[in-house]
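Note that the chains are named A, B, C and D in the order they appear, and that numbering of residues resets to 1 at the start of each chain.
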């Protein structure tokens, strides 16, 4: 890659934000997803609805929260409800358009591991675990996954299956009780993967400017299919970077 | 009966109020039970907790509400919660000491009918129905029934079983999923009935002053057993009547 | 996203003959104005759902709007009978009414399941209860841990839920204050949600844990001051207990009922 | 009925070795002071229950209080790992820790069941999920209406639940404001309930639908200003995000952790 004046995180955040539409109801976790949804809100989607699992509906934070339950979220929300209500009345009821997920590992069918590396009973690395992810994965109308691509994270076989994507593919998800459409977009530091309509295997559909698709293939632990007509994701616009950096700057100040 | 300077309703209300203790958590409906619990609160049980199914916990009304959801209840309550929460977190969870029940019919085992007179599909009288009663009957730690005694209301066979008492008696209740101890007191215009410890059949345990127990037997549609050592319930004290009448007077004014 | 409409337009657009509809509000915030507009628009064949039919459904049933009623307590609170409901059940007048009868706890669980996207609600209830025999919707599951039997009710998801609330803001966010009943659950269980409000304000004056329904779950909002009368709206007006008592005589007679509805509802402006 | 005690006395009287205890509060109102007192009183063999173990359980686990953990997300929010939790799981230090692992939705349903007197909670969840294989508590029931399979979790009813709140009044009624998490459900699910509060007031300054736990469900209350620090109490102090970041380095090393706990917890006044 050539020298760029923005980071991989910024590129991924901007690319993901562009996928969100005005009025979209987003279930967001802390970190990059929170930055994505707030960036979209400040740019092109002023009426986007942010739901944090801590219980805030319609939060409009001016600083990026460090934790999912910062006071800023409650103070700017349309409603503050209990966590059981968030999961039952809002997520499970099918009111969430897009759920954002991260993970330590993803497989070719978009299934996710955020639980352990190594065996569950004797892990080499104990990860934080499921949190809201499994039910976001099954009950949101669709999910977007944001995850940097490497052979360690894009793996042939998950060490643990925390959150369902398309299961074994080929329609397997539809035979479960999962209600939403599953991972319809995976945003990486190389580009955008989407499921193939038949096998539901993730394919590289678009790359960022000046990214070699073969580099993405090499960063993937399974033989990654590349779309024949690969699209190009344009680099972040100055305005997108400005707004994103202001968001982060306010967070650092507010720390 | 001799001439008295108080009504049957007043006598029953006072007698029932005397059964409540300070700190007792009462699930009350509108009408006589509400008067009973508030009378006890104003007399000897200042820390009694009134729960109305409309969602008010710890209401301390100064006027008697006509409906179960009057504003007075919300304004004086410790907490106002949703109706589903009242039934799940408060009644079903076993936090209610005494549930008050009325009915159109009661049988010898304290089972209650508040649904229909006549067959369900073609009733001669369609009554209001269950409301909160069936789950109060099964989930409160005990229930008190307040009901005027007559062959029409104290029947050998219920037209419909709305709320469980002791089922068929002889320990039948304990073999169901009902958790509370059931109807431990039935306050009538003749006196007080309680379940026998073995058969759980209701027995006349106490009569109001100057009441002939045989009159109570004649007012009962089954051969009512009378306790060998029948207690006497003393007539309402002037102070009891004064406080009760002030409660009602405020209601009439506020109406 | 919430659209602001006149009450007439909101009902015309969203309430159709034959639908299942829930007008909730437990004693408090009963959406009488919306019911009257449904009566004026002569909707029929409705499956009415409400914990306490109250005067609002007594009126709709008496005016022939309903074919079925799901409910749990059908009286005039603190007064006595609902005579129009009784006349429909006992005599089929003005038309027969199929009853789907529950307990309060059962309906609360059914609304909660409906709001939660679950197919059924679970409760310790309906024990040794005649309703088990007359309502085939009441069933049982066995606890996978304790092996106990628990009662189940199917989720209630009305085609349209209608509630009254104190206020909405410009974005259609709706504030409910005071006694809540099962209003929020019924609102969120509906496939559509219509709301009438006392007032529309620029910003809701709320506290952190106020009960607010976001505008994006509301299909339409109509501003209808006194829209809950003769029930009440906390902070706006009190329950007209005298009217509830007076209804006893009005509702008791078919003729007097029809005359009252004609003057006070059919010929009243929306 | 709520009894006002010192924190030391409240923990001494109500928290015993080997019990299951839940110290809840989702990011907000985490009862750190109560945890520190439990650590000072050297309780061991506890089954800790909490959706997000957070620094509070990282500290209790690292100090050897726990034999088991029921949880659904075990990280330092926005920062990274909980190294004391990881050290216990990966290396059994200072002692092995049995995990009962759930999802947030599962634990929310389990607390709700616990608060509701139901033996289990019901959810659309744990679909095609590895937790089904490692947590035998996750089971299934079949819907009696649609024949769907739904996930179940056993009710959580801790021996003792502990929460922190903004205020209590003279009768022990407790006011919680802001982000609620599963705090109310955890509180009502506990066989005992201990509460620490920022302040005690004569009357709670509440609004009609404020979240208030009545004093008669509270076993004991202790006034502990800043009792949720380094988490926060809405209206009193903000979350100390810098401390959460600093914990990363403190928690990473056994020695540094023990030194920090010695200075800041063991030798600190209650």
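As a working rule, a contact is a pair of C-beta atoms (placed from the backbone, for glycine too) under 8 Å apart; a residue touches a chain by one contact, two chains touch by 3 or more.
Model, not experiment: these values are computed from the prediction.
The chains in contact with chain B as well as with chain D are C. Chain centres here are means of the Cα atoms, and by that rule the chain farthest away from chain B is A.
Distance from the chain B centre to the chain C centre is 28 Å, each centre being the mean of its Cα atoms. The mean-CA centres of chain A and chain C are about 40 angstrom from one another, to the nearest whole unit. Between the CA-based centres of chain A and chain B the separation comes to 57 Å, rounded to the whole angstrom.
Residues of chain B in contact with at least two other chains: 74, 80, 88, 92, 139, 179.
Shown for chain D are the residues that touch two or more other chains, namely 112, 117-118, 123-124, 148, 150, 178, 180, 185, 208-211, 234. Every pair of chains meeting the contact definition is listed here: A-C, A-D, B-C, B-D, C-D. Listing the residues of chain B that touch chain C in their complex gives 30-31, 53-56, 65-71, 73-74, 80-84, 87-88, 91-92, 111, 115, 120-135, 137-139, 160-164, 167, 176-179, 255. Across the interface of their complex, chain A is touched by residues 1, 112, 115-118, 173, 185, 188, 208-217 of chain C.
Taken together, the chain D residues at the contact with chain C in this complex read 117-120, 122-124, 139-146, 148, 150, 152, 154, 176-178, 180, 207-211, 234.
Note for the complex: chain A touches chain C at residues 23, 25, 47, 49, 57-58, 74-75, 78-80, 88-89, 92-95, 139, 179.
Taken together, the chain C residues at the contact with chain B in this complex read 26-28, 51-52, 71-75, 77-79, 81-82, 85-86, 89-90, 101-105, 108-109, 111-112, 123-131, 134, 148-150, 178-185, 232, 234, 238-239, 241-242, 244.
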